[in-house]
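Accompanying notes for the structure given below.
Naming follows writing order (A, B, C and D), and every chain is counted from residue 1.
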Amino acid sequence: MAITIPILILAIPLFMFFFLGLFGMKMSHKLAGTLGTLGMGSVLVLSYFTAFQYFFSGLDIFVNEAGDRLQYLVFDQTWLQFTEKLVIKLGFLLDPISAMMLVVITTISFMVHLYSMGYMRDHHGVFEHGFQRFYAFLSLFSFSMLGLVVAPNIFQMYIFWELVGASSYLLIGFYYKKPSAVSASKKAFIVTRFADLGFLIGILTLSWYTGTFNFTELTSVPVEGLAGVTQVNIGTAESIRNIFATSAAPTFMGASVLTWALVLIFMGGMGKSAMMPLHIWLPDAMEGPTPVSALIHAATMVVAGVYLVARLFPLYLMEDSAMIIITVVGALTAFYAAMVACVQVDIKRVLAFSTISQIAFMMVSLGVARPEYHEGLGYMASMFHLFTHAMFKALLFLGAGALIHAIGSNDYTAMHGLRKSMPITHITFLIGCLAIAGIIPFSGFFSKDEILSSCGQYDILVYLWMSLVAGLTAFYMFRLYYLIFWWKEHVTPEGHHAPHDQPWTMTLPLVILAAISCVAGFIPFGNLVTWNGEPYDFMAHFDWSVASISLLVAICGIALATVMYRKENELPAKMRRALPALWTWCYHRFYWDELYQFITHKIIFGLISKPLAWFDRHIIDGTMDSFATLTNKASEAIKPLQSGQIQMYVFYYLIGALLLGGITILCLI
Amino acid sequence: MFSNILIYFVIIPLLMLGGVGLSRNIRQIRAVAVIGSVALMALSTVLLLQYLDLRHAGETAPMLFTDSWTWFAPLNINLAVGVDGISIAMLILSSIIVFAGSFASWKVPQPKGFFLWLLLLSTGVFGFFISVDLFTMFMFYEVALIPMYLLIGVWGSGRKNYAAMKLTLMLMGGSAFLMLGLIGIYYHSAPEGGQLTWNILEIAARDSIPHGWQSFLFPMTFVGFGVLGAMFPFHTWSPDGHACAPTAVSMLHAGVLMKLGGYGCFRVAIYLMPYAAQELSYIFLILTGISVVYGAFCACVKTDLKYINAYSSVSHCGLVLFAILMLNSTAMTGAIMQMLSHGLMTALFFALIGMIYGRTHTREITQMGGMMQILPFLSVCYVIAGMASLGLPGLSGFVAEMTIFVGSFKAGMADYLSGEGSLRLVFTIIACCSIVITAVYILRVVGKLLFGPVYDKHHLELTDATWWERTSTITLILCVAAIGCFPNFFNNLINTTFTPEIFAVLGK
Amino acid sequence: MKQEIALLVVFLLVFLYDTFLGKGAQKGLPAFTAILMFVITLLGLCPHCCGVGGEQTAFAGMYATSPVIAAIKNILNVGVVIVLIQSIKWTNSENMSMRRGEFYELLLVTLFGMYLMISSRHFLLFFIGLESASLPLAAMVALDKNRYESHEAAVKYILTAVFSSAIFMMGLSFVYGLTGSFYFQNIYFAVSSNMSILLVLAIAFVIAGIGFKLSLVPFHLWTADVYQGAPTSVTSYLSVISKGATAFAFLVVMTQVFGAVYSRVWEWMLYALIILTITVGNLFAIRQRNMKRFLAFSSISQAGYIMLGVIAFNAMGLAALMYYVLVYIFSNLAAFGVIGAIENATGKVSMDDYRGLSKTNPKLSFCMMLAMFSLAGIPPFAGFFSKFFIFTGAINQGSVAIYVLVLIALINTIISLYYYLLVVKAMYISEDEPVVATFKSAASERLGLWITVAGIICLGIASCVYTYLLDTTAVSAMQAYFIG
Amino acid sequence: MEITAVYYLIPALIMFCCGVYGFITRKNMIAMLVSLELMLNAVDINFVVFNRFLFPEQMEGMFFALFAIAIAAAETALAIAIIINIFRAAKNIDVRSLNEMKF
């Protein structure tokens, strides 16, 4: 396979970043936007081509004779050599999940580029200040995200992991004049940084024991006769486990070191994918422009954690306890986020919590995936859900963006009854809601159903729990839908334009994404993406009993939402009065932010930094200064020696001479 | 004598000194400074290329371009020069910062005196890095220290008297210990009856310092250099000193001078006394480990930009010494990279702070805000510097820190598994935590200073960077990015130094 | 003997000039003396005069000379030439017109006394040298008739000097009682075979007696008052020449007379004295405002550093001591040159008057700064080298205790750096209105400063000076005492 | 009764101590000078006695005493001259008033 295309896929966004960043201010807004979009469009084409080649060309570097999909290392360039073995390389690994991610990222990114052309201007069509910068940052993000998914080694992943974090920081803080945006961006960066600390230590541990950063050396075996081609193999992971088990220190504090390493790495994933308790940054990140939320905080960056676990999936398989942790964290997060999403007022927040909840679905799905259950259905389901979720969640966000753009507020209380004035937005939003709720035949139904069935195979408790969350999902999504589009007639405040559908640059992406959400469920994902590349028949594992139950649950959720929110009524308020404590806790997101606030401000700042700074200025510096003071004091103290009196001089002289002799005599005796 | 390229690193600054001395107006002084610093950059580039050529050709000597000219024959004091990858890296760093510093002090008052002292300082720095003779090394070291007093005292701001005195006395206090250590090394540089020497290479080759003496001399030299490397608890000169120093001086001091500390710790303390380095490293590991997090925590609550940056320097330079003490090639490579990286980015920081201060006349972040709207160029540069500082990939901080962490983790695990205690491992993890704390204080500053609404309406009238300021900052940013994007080049350059022989002595 | 004879000739010529030439020619006396001293300094520097090989003796072994001794005398000569040049302006001033000759004659006599002190190998000669090097100084201190301080200083000097010489003689009498000889060599052997408590006391008294001239703590108390009160030229002479000569003589006495009991008796005494001297000198110096008094305390602590060369008890220490004295002469004279120039022009000697000096008199300030840096031991100035070498020499002694001592000395250099920087701060950093207006100093003063500045810059970098001294001492007769 | 060296040395020592005491306690500078003379003479006695009793074969101690006397005379003369000077300037010779310069 030609090396040019993969390089271009990475190089074009990077070039666009520098180009727009350095010269953007010199060109017109429109030109900058168009250039950015065109650049992304070309990447889109190239990525589609690459993915198409990978999945369907049938080349022997992509598929072996048994039909198993292989991993192909397109290129691998040494970037930094730590030791003989530990080398960071920058490369491009093509395998099922990276090919899939290429498609996801470029699709969403292109849509967002296109959409922003319309979104990032006011009602008079005047472009926002910093429009070029926005496109530059979008390009930077796309570059980083693409680099992340194609990373053939964990350190490259970490590098791009940090880069997406930084571009996310820049984009959340795009409206840098708004203090809330600034603090949200700061929060996002620091929370994920904290998670990355765990990631880093995990990488260090893993690489120290195994002596490599390369994913292929951790999870795969090379395919004979083909350079750069490997196949996922559980045996490699087992031998890695043996390395840990036979080392001088196989356990640490009761758990095996491999578990530690994997959990620490997962901690990085928790940060990026906003798993509890590191989720607090994501709702705040909605301060960024809505297209950014769609791209970064719904479709791509936040699934990096899932992607990371999927990358190392064979290794995670080795440690059951790590898998259990993933499952538990995922399950708790999913439920928590769904609960919170039920009562939020800000539509972007609702979507944010829904994102958290859906990513948690993917996590759970990975956590329960085992080769022995449906040949690792959970893994496939997780990736499938990643794909479908990216599409419909981006759709929802872009729809929400259209609404916000039209209304000028994030609050649903300012919306209501918009279905007539914004029909395209309404329809596409509804499709998104149906997809996420899991209504057949929309894409979400298929992926969620598979997640649930793999949960069911693993443990009935997990299955019930996740089904409950699925029901909640349907409920809160339709609550949102009704509150925006129904509830009561829309009243345009004085002096505002009546809401209407947005220009084509904004509606076109909505339509495309809605279309994808409608049909994506029928993609034979099992043929394309499985944990070890071995394709299997998707329908063979399709469990109609599970499917019908989940469908039922979803419909119940929707029904409840319809009852409560379709028309203006007293029911929601009654519910709220009935369960005041629950409502308050949900509304305040279970006080996680307050807890963090307490920890960072009171403990880190108040109990560590401030005392340390005080200690530094007064004790350490005080000690240094006190040397000077002491010297001065001593100088003052011996002042009387130089009294100006000859007789005293002579007296001291004599005493000195006698002491000199006397003491020496005493010592000698 | 003049056939050796290295000697020109001292001659050019001396010529510049003469040139500035003879200059009659500020234009001539600027011309001398710019031409000289460009010449220095060119020279270091030429040196780099020649060095790489020689290495490619298979030269395996620990140092190249070695030469020695007798100075005080009876004491065997020579003006001995020689460079390896580390010294070359430091020379390049110094010449870049001198260049950037010259531009940053374009409009300094009393330029003649200022540049004279600045160039004397640079002479010391360059001399230090090319020396392989302990005596000349020490001499250049002190030459580089003393101009600080006047530079801060005369051209500084704030409590400059206090700060200048404190800085000078503390650094000289360090060098008092250092001098004793160096003389001690000299007297044990040969077995009984042998010819004593000051030459580092010879001492290292002989490895004849008795172990008992090493245990005494190692702390002396390490503390001596460590004071300049801002090692806890001897770092307190740094916040005050930097806060009061003029821009170019802060740049040079934090960018280059503090590197003398780390370089010296490696070149003298560790390289010459490997036994004690192993036995006693735990004391200094604890101290430097504390430096790393302590500086970062302190930076979190400071409100003066220069104080913040000074404490951040404590943290970053602590990491340098920390890595050196890990005694393995990866960590040490990381340490040198960190020196480069910190040198460049902290110089960039100080340059920017100076430029902002020159406009707003305050460094309190509580008194400023929304600079991004007023001074976009400087603000963007500040963000880039901040990103480099908190270790964004693609900029220099990341590669340096990662190399250090990988190396020290390696050392820590090796210790842990061989039952030698988990001190290294624990402190490695503690040091890793600094990446989070760094993010906290950097983003805090960026958020308060650059973003948000404009705090002071008077600031709206400020103008953005002038061309010389742009030259200064862009140079530094390019270098920061170059290290960040092509780390392996520097890695290889530095690695040529860490020949197996060194670590054969160190035993790890 | 050549140097002594040359000096006598100079003395006689100066005396004759002073006595017989008319009033008009009197103004030329200072220059005349300076030129004569310059000539004999040059003569002394030529290899023939320095002598080669070991010791040559005269007066039945009471007097000895060797290349090392010739070298220290040359060093003193150089210092005297500079002092003479610097004093021209002062001695040509109105109120010195009657006493011009006395100053030079007394100065030359004291120099002669120092020669004797250095060259003596017998205590009688040593005593004569010591007294003739110190008594005339009292008269010189009192030379400034119009200033009360000058008289007070002279009284303090003469009374304490006589007291200390009484103590010194007491010590000598014990030594004589114990050994029956005044010859250094005889005493050396007698002492080595027969140690008694009385000897310890004797050594203590001898150290006290010589320590008085060196102003070692606690025998130093006169120093500050006398330096402050004496005319500046006399102070500079006192602080460098007298101190340098005595330091060398002290080393000779301690090694050639009491060298046999080095480690048993006086090594520890010197440890204590050095620590006290350096520390107390520094502690007093940091609070002085009068420049002369300030330099007095600085010179006290410098004396402590010089003593490191004695305690080193080896050829390197000896060479370092001589080199230190040489460098100290240049550095201190540069400082005194500036002080003198300013005092002559404005009568101001307080450090507060130096504020902002760099703005009005940049060149003088620069000289002063170099002097301060050199005294503080900052490279590339000569003071750095001298300090480094004296520490190196001391550590060559090899014991652990010496490391501790050197460390204490080194820590003290920080305090000393502090007060030297205070002067620099006053001149360069202080933002107050300058006190001293711009003035042009006399040609002689400028010449003196040029010489000292050249010395400060070159003496260290030009390695030949120290190398010569070390080579010379390494083969000197004193080596035998160090080894024994 | 044999008169041994000790019979001379003890008075000499007493003289010396008296001299020291006098020097330290008297206010009058002339009195101080007298005390100094006492000290110097005590030392001279020491020299002579040591020579006479311990090393009678040589005359070194005697000669030293002679030189010491001569030098003491010079010292005294000089000191008197200076004291006269001070008297002219300050109109008193109380040594304790000589504290213009201190600390």
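A few notes on this one:
Definition applied: a residue touches a chain if its C-beta (ideal position, glycine included) is under 8 Å from a C-beta of that chain, and two chains touch if they have at least 3 such contacts.
Keep in mind that this is a model prediction, so the values were computed, not measured.
Considering every other chain in turn, the ones in contact with both chain A and chain D prove to be C. Simply put, of A-B and A-C, more C-beta pairs touch at A-B. Using mean Cα coordinates as chain centres, the one most removed from chain C is A. If you average the CA atoms of chain B and of chain D, the two centres end up 65 Å from each other.
If you average the Cα atoms of chain A and of chain B, the two centres end up 37 Å apart.
With each centre defined as the average position of its C-alpha atoms, the distance from chain A to chain C rounds to 77 Å. In terms of their C-alpha centroids, the spacing between chain B and chain C amounts to 42 Å. Along chain B, residues 169 each make contact with two or more other chains.
Touching two or more other chains at once are residues 628, 639, 642, 644, 646, 650, 654 of chain A. Contacts with at least two other chains are made by residues 155-156, 159, 163, 224-225, 287, 418 of chain C.
Counting only pairs that meet the touch rule, the chains in contact are A-B, A-C, A-D, B-C, C-D. On chain C, the positions that touch chain A within their shared complex are 155-156, 159-160, 163-164, 167, 197, 200-201, 203-205, 207-208, 212, 217-219, 221-222, 224-225, 264-266, 268-269, 272-273, 280, 283-284, 286-287, 415, 418. Residues 71-75, 77, 135, 138-140, 142-143, 146, 149-150, 153-154, 160-161, 164-165, 168-169, 172-173, 176-177, 179-180, 183-184, 186-187, 216 of chain B are the ones touching chain C in the complex.
Residues 16, 19, 23, 29, 32-33, 36, 39-40, 42-43, 46-47, 50-51, 54-55, 58, 60-61, 63-64, 67-68, 71-72, 74-75, 78-79, 81-83, 85-86, 89-90, 95, 98, 100-103 of chain D are the ones that touch chain C when the two sit in their complex.
Of all residues in chain A, those touching chain B in their complex are 78-83, 86, 88, 155, 159-160, 162-163, 166, 169, 173, 176-179, 182-183, 185-186, 189-190, 193-194, 196-197, 200-201, 204-205, 207-208, 247-249, 604-605, 608-610, 612-613, 616, 620-621, 623-625, 628.
Within the complex, the chain C residues that touch chain D are 123-124, 127-128, 131, 135, 138-139, 142, 145, 148-149, 151-156, 158-159, 161-163, 165-166, 169-170, 172-174, 176-177, 180-182, 224-225, 228-229, 287, 293.
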